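Chain lettering (A, B and C) follows the sequence in which the chains are written, and residue indices restart at 1 in each chain.
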Amino acid sequence: MLRAYLAFAKKSFLQKSAYRFDHFMGIFNTILRIFIFWEIYQALYGGRAEVDGITMSMVTTNFILSMGLSVVFKVNDFYLPDKLQDGSIATELLLPVSFHGRMLASNLGSSLFQLVFHFVPALVVSVLIMGMEAPVSAPMFILFLVSTLLGYFVLWSISFLMQMMSFWMLNVWAVMTIKDVFVNVLSGSMIPLWFMPDWMQGVLKFTPFSYIYFTPVQIYLGQLSIKEILIRFAMQAFWIFVLLMAGAFFWKKGQKKIVVQGG
Amino acid sequence: MNTKKNTLSLAWVYTKMIFHSWFQYRVNAVLASLAVFCREATGILVIYFTLLKFDVLNGWNMYELLFLYSLLFVTYGILIIFFTGLRDFWKIVRNGTFDRFILRPRGLLFQLIFANADWFAAVGHGGLGITLFIISAGRVGIVWNFQTIAYYIAAIIGGVLIQGAIFLFLATLNIYLLETGSIKELFYYNGRKFAGYPISIYHKGIQFFMIYIVPFAFVNYFPAQFLLRKEDMMYYPDIYMYLTPVVGVVLYLLAYLFWRYSIRYYKSSGN
Amino acid sequence: MSFIDVEQVSKSFRINKRSAGVAGMLMNLVAPKYEKKQAVKDISFQIEKGEMVGFIGPNGAGKSTTIKMLSGILYPDSGKISVNGYIPYKQRKEYVARIGVVFGQKSQLQWDLPVIDSFELLKAIYSIKEDVYKKNLNRFVDMLDMGGFVNQPVRQLSLGQRMRADIVAALLHSPEIVFFDEPTIGVDVLGKETIREFIRELNAQDQVTMLFTTHDMQDIEKTCNRLIIIDKGSKMYDGSLQSIREKYGTERRLIVELNQEEELEGIEGVTIDNLENRKKSLSFDNNQVNINDLMNHLLQKYSIRDLTVSEPEIESIIQKMYNGEV
């Protein structure tokens, strides 16, 4: 069983590697994006040592980690929509492997590729140019890795739920684009969430977005106590659970729709 | 004379057809316009929240930054009506539509432009540009008189031509390369993102890139400087504030020559 | 000089060669390999006005490349092409106004819109005069029996209907030459027949010069008198269908599907092979064995579910050519 999923993961891993030049340019683009935000914040800091207790180096760490991870976390939002549109979903459902398992496996495959061949080189170059905070301690670093993995699943679950909309909509591009706006603005990858106004911080507490990149970043920087970390883990798990359950609910409803249409 | 009339009426038939098929998917089309509007507003939200905290960026306040940004969107809104076919040129080549254009007795660029004009993305981008302009133009201390309005219009035309030239150049690259997504990302979309901020905050290399390689600085930074006269203009020659239309025309001509040359190559290499 | 004159034309492409697997991927990242593929090799032929010529050959033989060069999409690497005095890849606008091209696999119709809208667009593109447009449209719609669906969106059409609409789209401007690239691919038997009938009539009535590529022998048999066979970029044969028939087109195959598993007894002059699922293949020479007698014989003796006659396939004809049986 696992081997079947591994095959899907491997396939998407290999697909990712098909375009050589494009890939190198992609790495360069990622570094450039981080660099630009770094420069904007250098201008904003204007030589100040810290703003609200946040040093420039912490800001740099936030950008390198969250923008770097965003290339790994990239979810194919159109996995299900594409299969619904070309009708291949009907045959896919007959395969002896879980469709959701395939969705995840193929995403993990391309994420692994991105981690090794995109994130790591981009990280190394970025750190050489801009520098970055070192991990506070080995145990903290391990907790950071755990919350990063959870953050990945939070984002994947958001996409999973949104993809279910394709059962009811002909074209989900618009919805996915609007979803991305929320993720980009509210996850901390473009505005470090420390600098959000208080009312916005309040709103953020009730959304899953800050648990994608910002929680891992805070843990990495040692900003959270063990108790706070455990609460964040619980919140990450809570959001994954809620989003997946909602997704599974719509999946069930949507699947009936295919059967009714005689697909 | 007759052909001119023919050309105009063909452009009209294309346009009618685009609206006709839009009408078939109007819910989707409205949603898509909304999505484009939201996506492009991301950069503005980032500026808004950041400046709420920091007040000024290298001497530019929030409204001045929004004015700078509005120039980008107004020009892009106009551009995208005509240049969607160039943005999507790789698809048009790959699905064989370009071969079909070659088989029709009409100009290739003409067909590319009018068969793909995207009036609805234009509403999303242009709408955002106009909104930003309205919010900011009255609050940045510009005296709107004949001179500044004439300057503004010339700058918009130049800005459209500059970006049109970049589009045309990048589209042409598709004839040589299988995949150009990242090059486009680098030269166009990154350039546009950088141009959202005063280029004076950037590393010298990036400033050079924005002025001399992919001259986005002439699309919004230098025109905004003419109207706002911020302190950081002292780093650049004053003449740059007047060059936008010239840069636009020259760059477009160069891109067009490259296009002409590459069509010959396309016909000899196949795809 | 002939109407269409092709002289020693060659064309090759450069393709990126990828190896399989993770190791291959890494290799391709570091050092991509390119391979030169000769698509067309030294081809020459002449076609007269009003002729109807079939280009036949297996997939990748160079048929489409030849059509692309003739229609001006591609330059030849070497050699000369002239069509009605034009050099296709040089005087593009003047030339393409006089030709029509149908790509069986790539529709030129607007997917979301009614068929008639695409025709109106073509009218504007080719600046077709109102009366000519009306006359052509009515005539073709009538001949191809399209009245029922000209006002339907293209996306709702069957493949056969779409193909008919695409053929009309290529003819509205009264071209002197029409290139058909696989005009019957994927179309059902009845649809194919309609298309062939139409092509035949058009050629007979209007003296339109036609070239078409196919890998379906039936297309050629029912439309063309002249046949050019291409394989691996080279011209293998140029001549009448009749003579190629006489030379080695006499082998036929009959596929028999039985209701139950049983062996067939030997029949004189017939080679019997077992296929899967109770199917047998019977090959024989058309000149020696009468096909009707053979079918009667089988129907009387066995319980038969299905009988199909298969024509000799282009691949097997080419194989014979290589074997020197021409």
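The definition used in the following text is that a residue touches a chain if its C-beta (ideal position, glycine included) is under 8 Å from a C-beta of that chain, and two chains touch if they have at least 3 such contacts.
In this text, all values refer to a predicted model and were calculated from it rather than measured experimentally.
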| item | value |
| --- | --- |
| Middle chain, criterion being Cα centroid separation | B |
| Longest centre-to-centre distance from chain B, chain (CA-based) | C |
| Chain A and chain B, separation of their C-alpha mean positions in angstrom | 30 |
| Whole-Å gap separating chain A and chain C, where each centre is the average of the chain's CA atoms | 50 |
| Computed distance of Cα centres, chain C from chain B, in Å | 44 |
| Junction residues of chain A, two or more chains touched | 23 |
| Multi-partner residues of chain B (at least 2 other chains) | 25, 178 |
| Shared interface positions of chain C, touching two or more other chains | none |
| Contacting residues of chain A [partner chain B, same complex] | 19, 21-26, 28-29, 32-33, 35-36, 39-40, 42-44, 51, 170-171, 173-175, 177-178, 180-181, 184-185, 190-191, 195-197, 200 |
| Interface residues, chain B side, partner chain C - complex | 6, 9-10, 13-14, 17, 20-21, 24-25, 95-97, 99-100, 102-106, 178, 264, 267-270 |
| In the complex, chain C residues that touch chain B | 11, 13-14, 16, 39, 65, 68, 71-75, 77, 89, 92-94, 96-97, 99, 101, 103, 106, 108, 110, 112-113, 117, 120-121, 124-127, 153 |
| Chain A-facing residues of chain B, complex | 25, 28, 31-32, 34-36, 38-39, 41-42, 45-46, 49-50, 52-54, 57-58, 177-183, 185-186, 190, 193-194, 197, 201-203, 206 |
